[in-house]
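So, here come the structures, one by one.
Two complexes follow with chain A in common, the first pairing it with chain B and the second with chain C.
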Partner chain A sequence: MLLDFRKLGAWKWALSAICGLMTLFLLLPILFIVALSFGSSRWLIFPPPGWTLRWYEELFADPRWIDAALTSAKIAVIVMVLSVVLGLLVSLALVRGRFRGRAVLRAFFLTPMVLPVIIVAVALYAAFLRLGLSGTLVGFVIAHLVVALPFSIITISGALETFDPAIEDAAILCGASPWEARLRVTMPCISHGLFSAAIFSFLISWDEVVLAIFMASPSLQTLPVKVWTTLRQDLTPVIAAASTLLIALTVLLMVIAALIRKGKAR
Partner chain B sequence: MSIIRLALPNRGRGGSGLALAMPAVLLLLAFFVIPVAMLLLRSITEPEPGLQNYAALVGSPTYAKVFLNTFFVAGIVTLITVLIAFPVAWALTIMPRPWAAVIFAIIILSMWTNLLARTYAWMVLLQQTGLINRILISIGIIDQPLQLTNNLIGVTIGMVYIMLPFMILPLLGVIRKIDPSILQAAALCGATRWQALTRVLLPLATPGIASGGLMVFVMSLGYFVTPSLLGGTANMMLAELIAQQVQSLVNWGMGGAAAFILLVVTLGLYAVQLRFFEAREGTR
Partner chain C sequence: MTTPFLHINGLRKVYGNVVATDHVELAISKGEFMTFLGPSGSGKSTTLYILAGFQDPTAGDILLQGRSLLSTPSHKRNIGMVFQRYTLFPHLSVGENVAFPLRVRRAGKDEIDRKVKKALKLVRLDGFEDRMPANMSGGQQQRVALARALVYDPPVLLMDEPLSALDKKLREEIQFEIRRIHQETGVTILYVTHDQEEALRLSDRIAIFNKGKIEQVGTGPELYANPATHFVADFIGDSAFLGGELAAIADDRATLRFADGEVLAGVPLHGTGTAGDKAELMLRPERIELAAGPGREGATLPVVVEDVTFLGNNSTVTARTGWGDALTVRLNFGHPMIGSVARGDRLHVQWQPKDAHVFVKP
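Moving on to the complex of A and B:
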């Protein structure tokens, strides 16, 4: 009765209304930012009095924004590669390994995801000040890797669990070496997991704010740090333009991730 | 059989596999476990050995207000997100598929949209000359613009916006698994809709409400970005206090002590959840 949409009667409309309002609540602010980024009002009047590409021009004319975006991309790509490689190794150990304490090890790898980021950020900030890694590319990569790795491990070990190791064994019995079997049989079969892990690791690094604020120096900052410092001064529409580009990238990556999942289902 | 076992790397050979995890273990030890431990250690060694940092945190009304703000906002945000997420998750379970799929995609998209972009949207929407105030004035609910940013109202709205997906998704997972025939049985036994809701559906959804609620509460306790942008320095929350002590005041002892309290509360609440769920699993 309550779990059959057609038999809900008047409650159907109440539920649909709540659901619709919530969807608008989630969606409208995002669309609002996209609209403002093309609006001509410096004071962010909505609806905008006219339309313009001025804020995008200002954004692309400012080398500090470009540098920040390039730094972000560079860090995110390195984090993505390291996170997938380490995540794969850990997943092989957790799913295939035959040692004791795997549950404990798994919990250990997931703790950085559970702890408030601010604690990790402050702790790493202190450590990096001592090690001289503060404000360096290496520092950024390490910090982002620590929080991206749990997501990578969850995704890849999930894919590995659904893959029957007997198939790999069959390849070995047919004459493949163990590493050949892993590379040419197992890898292609769990590739959807690897790709998802790569996308999520990239996004986590690309969007990371709290760690990045503590890792940044005046000469090296990522895009979120640049947005953060600008936001604390004023609400210029240039941020709306930057935000719109970030939203576009997220949509693109989510679509790719969905296509990968679809390809796997086929 | 034993020859085959010897040939196959995934069989036999006890202890194999652990080595593969070693690079990541070392990474986390060096750049997670040890730094966090060092930070916590500084709370009892700086400026001098002792518990004076904790005494100061507990004793002063300034810090009491920070703790009060933190728990108040986390509590309210959890309550509001539960109230919204339950009907939404319920509706998504039973809605015709194309609608449910579109709404689900929007929830996921919102969750992965850049945090600063979403917070910026609310800073603009809620400011004195912002759209929300202008709409409220034009339909005659208020005469003067309301102060909606730089206070806890703004923080609460922004946090609800960000936490909603984290409440909907676990709840959806639980409600989807409920067998519809149980509710049919309730109807056949003469339960009214309201009775079926309060006595059958809600109790069955409780694990989802508990785990989603706990996750939102814990995440809210340690949240930094949204409270500091929408709340302003006068309405500080715990994560901002930690950042301020370390960055502006360079008081590592106090920062470490506040971080330790946040850590203990976070891990303590997760431990309660694990216990709770293990107990539930055990009774089945």
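Moving on to the complex of A and C:
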């Protein structure tokens, strides 16, 4: 190897220090908000003068927060299911299909990833106003599906490309009908891709705020939107508690995704 | 005439304006080991894929025991197949891989256990039931694939270059296994390969494919001793081709005149031709003798030695005729001329006219 860490001498201390600082830089805001959510100060004083669970009690006592969390979860789960199912069908067409314009179609499916979210949001807002979808669950799901689907397509296509179709042919000659072969052989073989797609789709919807602000109505809003609107009214540690719960679920799912990747590499 | 066990009847497959196979006609007996041998793109794999049902022929039919297979989808044909690439299901253990065809057939637990055990024993992998495919060598994986293809007792087993990903030594080892399994089970095997040695070692009969057509069908010795076409002669074994002209024909024997005026009579003729047609004389290297001067009997030609290669158990002498055609002579280890032959030597080659063949050039 060109750069062997053990042979760097004094440089390795410098590298370790830089690495440590980078980690702190990335983690500190998160640790900060977690600490504040447990701090006893009403005014978000840091370091907290004492510790309390009061803000969590307030959070769980307020039905508006619970509603927002449930709405978020509902939308994220629907987006996750649709994103994986549609992602699988699109990937099958893009990877296995032999039709003209396949590359163009693939690029088209991935554009929401590179398009600024605010532009997608404004466009969908204008369209949904006319269609009467703004402020509805369906509107939320469609908006989040637009940004989640590219991630599904990338991960599932990736898994499908490394899967040899001859294995599916073998299953068919063994007596399995084409759909049985796909269900019993192809799907388990690309399950790591399906799981990753599911987790990322859920998280994209769960964390998404820009589209959600445009889609939300007073009666229907997601957790990030609730955090955002509450923040504009008053600065309360309840926001820190809500944010901590948001982060906790995100971290948990990221860990699961990492474990799946590790399991696949083993 | 009785109906053949498996009848490939005038099979033709066209992709766009490319003809992949054309009028492929073959009758295969029950229990026969038939090999499709040919270069890549010769139509041998296409024929196999049509048998498997992965492709539909443009014309023609496939009859198994007199019944057409074409309207039956792949998964209902009850045909076994071993592929060129490793196709074990990576998420299932060896035992579950072999059990898969029985599970989709909704077989009972006892039957599955018994047949899986028997199939793994057949490929000498008993006790490997719980192993995962990723933890096995390529040779072992292909043996499991063979067990999986045989576990449901298919009437026909298709093998599409199953050993091409393995190294030479392992390949020979598994070739013997395949022969033994063929003898033990009596299953009818259609085997595709581009390796003539593999074809000769395994097969009862070989069908030589070229440009989508079968050039000749026969046992290995038949094809070697009596090739019907230039292509077959060139593909099976090494041979030299000397260009000339037909001087006369009588009773399937030709008289050939070479470019330098040399005339050779009594050579078996393949194909039809008339005096004056361009023709080629084919010679096997082990049928040619090397001598210092012209021999008293048989045919003889003066040549100039171009190169001598030592290959262990034999040496190969490359020589050129007066008019520039190359031919090789094989000298077995211990031949008195090894050591004395050198580049530029003017020698004579000689052979029996009946050991040579004449092919008329189209």
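Observations on the structure shown:
Everything that follows uses one rule, which is that the second predicted complex is superposed on the first by the 263 of 266 C-alpha atoms of A that agree within 3 Å, B and C clash if a C-alpha of one lies under 4 Å from a C-alpha of the other, contacts with A are read in each partner's own complex, and residues count from 1 in each chain.
By definition in this document, a residue touches a chain if its C-beta (ideal position, glycine included) is under 8 Å from a C-beta of that chain, and two chains touch if they have at least 3 such contacts.
No experiment lies behind these values; they were computed from the predicted model shown.
Using the contact criterion defined above for the overlaid structures, shared-chain residue A:Asp169 touches chain B and also reaches chain C. Shared-chain residue A:Val141: touches no atom of chain B or chain C.
Once the two complexes are laid over each other on the shared chain, residue contacts for A:Leu160 go to neither chain B nor chain C. Judged by the touch definition given at the top, the superposed model places A:Val84 against neither chain B nor chain C.
Of the two partner chains placed by superposition, only chain C is touched by A:Cys189; chain B is not.
Of the two partner chains placed by superposition, chain B and chain C are both touched by A:Pro178. Between chain B and chain C, it is B that contacts the larger number of residues in chain A. Within chain A, the residues touched by chain B in the first complex and by chain C in the second are 169, 172-173, 178.
Only residues 1-5, 8-9, 11, 14-16, 18-19, 22-23, 25-27, 29-30, 32-33, 36, 43-46, 86-87, 89-90, 92-94, 96-99, 105, 108-109, 111-112, 114-127, 142-143, 145-146, 149, 165, 168-169, 172-173, 178, 203, 207, 209-210, 214, 224, 227-228, 231-232, 235, 239-240, 243-244, 246-247, 250-251, 253-254 of chain A touch chain B when the two sit together in their complex.
The touching residues of chain C, when paired with chain A in their complex, are 52, 54, 73-81, 83-91, 100-101, 104-105, 145, 148-149, 152. Per the touch definition, chain B reaches chain A in the complex via residues 4, 7-11, 13-21, 23-25, 27-28, 31-32, 34-36, 38-39, 42, 84, 87-88, 90-96, 103, 106-110, 112-125, 127, 129-131, 161, 164-165, 178, 180, 183-184, 186-187, 193, 196-197, 200-201, 219, 221-225, 229, 239, 242-243, 246-247, 252, 255, 259, 262-263, 266-267, 270.
Residue ranges of chain A in contact with chain C, taken from their complex: 164, 166-167, 169-178, 180-181, 184-185, 188-189, 191.
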